[in-house]
């Protein structure tokens, strides 16, 4: 079955709602409207307004209330309308959601999913193109995942709902309308990285929005006789160091690509781990291709600002030139 | 229950209609709660500005349809609220808008073309907030209400409020939507303004919708009543009545300037178009509702009044139509003329002085941008 | 100004004293706004619990002075508010406390020793929140009010509110301080509870101070009036009157359970001690103020009532004194007996299953901890 | 003059208030009480309640109002009472404070300082021992600095107030009562790292609370014949890569120590930069000694959980064993 990522998410949420009566969705405009990206289209009609909840306009409220619902046995799936609007909820996420299992010595489970359409490249105005993953990945007690294909979207959202830990679920909005095959079942655990393309010369690490870009870069590199292995991380916290190390162990080189700012972006952690754990095997420094250390620019500038195919190819060149 | 036990649901005000000074047929009335000296009001000018901002809005929508803008949040239906509020301002009063106050921006004297850049993607701002005492648009719901509070604290510390000097006393006008009433930050702004008796007027355009959420999702009582919870006055006016909006804002700003503290104004109005050009309102609201409200059009009633009273000549309308056409032309040309920002601009304005590391990033970026696609094949 | 223009400052309620059913001299009265059937109230039990939680508090302060606890937030002066509120609860009602509700915890049947761990540094929680329907303490001001709202949404979805079944209908009781009224999150909780008519009772102990900030820093009107801004009832009671607190909470919980929605209760009381044992209240408030309030002691008035009416015998007091001594002994022994947590516990409870990387960190940590200082010289 | 860090900050703030009438302080309990740590002790008495403002209990309000005050020409210095209570202000900090200069193409300057007592080791209850520096350092538009000595406290707070950009000013509360010499003037720019102890075998990078710990470790290492160079970063955004590189260029080895969690902690960025820019000179991987990827533990566990002298010495051993 070939569907868009939006449809795959919709199907996955529908399945989660069907399979478990304790699952509910909540967020701004997710009911009647079906969400600004239509991810929840039709679900309110079929599951009712008590399970697909149009909330007041307050993100702290959404996450705070989800915590209380989870304490009462529900499995809330929150939608934050855009990446740039998650910040009013950060206090509830960091000081409450992430910590309550720890504080209660495991007595409180908070199976809360926070879905966030994220990343740039869609010509939006400000606050609609942010990549906040580091804030969450740096916060112990949260899981952070992101899907790059409709198939992953379908399965990962269900896996996220089934998790007993809070999951920040990042949806690369730039690929919402990209279509792909969806398999009825999956055997890949939520936390496992996937090698999207095998290669031998350099390991290219991507996730979410940069995965298709990385694959495109790998294609072009192949034409030039360079064999690029593309790893899709999928899970950012925890992240699958084992798969990445194994790949880099073979290739001796790594490039990591993300849209978030350079300093303290996800690539920093990848580089820090690899330089430590593969010190003797790295033939070149881990190269980072990322957004710059500026606020996200006006959309007329975004295509150059974002790590695109050419900047990734340059990084591969740089890595291979060592 | 009485006294210490308050049940506002039972209060009479719920059923009360908002205060009106100009009814949909164009008839003037007075209301003891909201005096307005008509001698101080230039009705033809009010109408002209409402008509022009409607045209500005219509033109921007057209530009969006033509692909010249990425998005446009229409103010249609809210012209009276915005123009009425703006007419109450002194030049030196500071305005903190949301993203929909094109009408206020117009009245503040901003070049209307400068409103388009944000939505065209050529800028994140577009104008000098100090030149017209009109802050940049704020997209994060509610955030600007706290900036208004801080600015008001500054005015108080400057001695620019309650001094009794009519050339000095200044106030702040903060706009917000009905949806914004639910953000914690908005409520903190109310709390600070109340506790410190700040010269801030909160102007809530209750246009009945926050994207697809009807007002009932946010509250079960009128928005103006929110102020009672903090201990400052709330007033509810017909937001499609430019005179009521002007009178309420003038009264509230006067009070604020003179040291009388904050007011919350609820202008009961309607978002006639979808939330933005990217939205599809048919998914969540009935066409009849929109038709009902369109019948209460804010321009029509003032036009009817002007025509019935003979306050203006035919020439006024001919002239106005010409002005509208000129404005449309100016917007079209201006929009297409908005230059793409320089590739270096984000780097230049992130800090007062560019840090060394960022300068290095800029160097690499400029090299990349000027070299173009390294591999020739594609971008 | 009338009607649509609301100026709550002029409302009579400001001057109104909080509702009282038991005055400082121990005299009972009735108030039409707050009926209480005394046949349903066990006055000796109320007094006993107030006396015991005061002793608990006194003992914890002593333990802190002895270095056994790092910190203790004293409830002294707030015993009536807490015990009164707690007596209105059904077992199945869920409570969301702040960090000061030791009296409520006691009435919920928690082992009082378990309250000490958080302040001794042996745990971040200390009890099973589900066992006694009493959540962990929340230190982040206001955060718990939203959890209460979510729990209430859950009750509504379970059909456990407004069902008419007296064995089923359940409510939530959320505690907060006067300072907490200023956090955005608290206000969002009010908004959600109002708009969705949730079975949540907000119990605000207005103890006049948020650390060093007097109530006037937060608000210029009584806290109970905050509810009017959202459209649900607010009630203001003498927080040193255990009967008024019990009656108000019972009435509000009944209403919540039956589907009648939220209430905000303001219990006007006083924080007799400093904010915590780490605070020095002499830096910011006058001794006379504290003395004034001490004269309105919540225990004294009930004791006076019990003694005057002869409702209890001397034996009751002798027995109570013994219980207090037993409790103190239990706290002392229990506190010293609180074991340090296992070095692995943070790792074990961060996630439902420990991720591989964290397991590796734990391995290294345990190795480090067991090896002790590598270099022998020092730690 | 030998004073505690608290006194040095107090003196610095007093000087800032005296020198510029547009400077004002705002926060919870900073007036009458003088702050829970007494950093603002006596200032309300001397500068009045309009310049030393006891605010309502709301952190979003504090930062949001500071933005408005700055737009009106003031230079507000906000106090957040404890590290764990900054999160309600994160929306104002990340979406507004950090971005307004950029959005306005430089027309809006927001000279706002946000002082935060931070870090652990004082036996506190939860939310009172957090290290949130990564969240801010990853946010373009903010400067982030931290002082480790009374002298730096005195000068850096004044430099921060003089900055035209927003500065997150992290105060290592564990060393608030440590005394030290304060010089009347400084020639060290706010953004420059300082070598606290020269050495030749390995570069030990620390900041804020870990600086004294690092110096202690270096002392012990010296007894064992190991020459450790200790760099105090002082500024975390931007950070002084030049000084760190120069040191590592000489020693060939680096250890970085901080209290914040391991994953995506500041050390990740340091390691990522060094492995890239000093690839040919690093004789060992950059080693990170940090808090663990768990929430901050109850205080009875904190001394082992924090990166102490022994863990730093272990890391030095590890680095030198390559």
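As written, the chain order gives the labels A, B, C and D, with residue 1 at the start of each chain.
We adopt the following convention: a contact is a pair of C-beta atoms (placed from the backbone, for glycine too) under 8 Å apart; a residue touches a chain by one contact, two chains touch by 3 or more.
It should be emphasised that the depicted structure is a prediction, and the values quoted were computed from it without experimental measurement.
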Chains contacting each of chain A and chain B, listed by label: C, D
Centre-to-centre distance between chain D and chain B (centres being mean Cα positions), rounded to whole Å: 40
Separation of chain B from chain C, taking each centre as the mean of its C-alpha atoms, in whole Å: 42
Separation of mean Cα positions, chain D and chain A [Å, integer]: 30
Residues within chain D bordering two or more other chains: 55-56, 58, 60-61, 84, 87-88, 91, 95, 99, 102-103, 126-127, 140-141, 263, 292-295
Shared interface positions of chain B, touching two or more other chains: 123-124, 140, 181-185, 188, 191, 195, 217-218, 345-346, 350, 357-358
Pairwise touch network: line, ring, star, complete, or other: complete
Partner chain A, residues of chain D touching it in the complex: 60, 84, 87-88, 90-91, 94-95, 98-99, 102-103, 126-127, 134-135, 137-141, 237, 260-261, 263-269, 271-272, 274-277, 279, 282, 284-288, 292-295, 322
Chain C-facing residues of chain A, complex: 24, 50-51, 53, 55-56, 58, 60-61, 63-74, 76, 88, 91-92, 95-96, 99-109, 140-141, 143, 163-165, 191, 238, 241-242
List of chain A residues in touch with chain B within their complex: 28-29, 31-34, 36, 54-58, 60-61, 84-85, 87-88, 123-127, 220, 224, 262-263, 292-295, 297-305, 308-311, 313-314, 317
Residue ranges of chain C touching chain D (in the complex, touch as defined): 70-71, 117-124, 139-141, 179-185, 210-213, 217-218, 278-279, 283-284, 340-341, 343, 345-347, 350, 357-358, 361-362, 365, 368-369, 373-375, 377-379
In the complex with chain B, residue positions of chain C that touch it: 1-9, 12-13, 16, 18-19, 33-34, 181-185, 187-188, 191, 194-195, 197, 216-221, 224-237
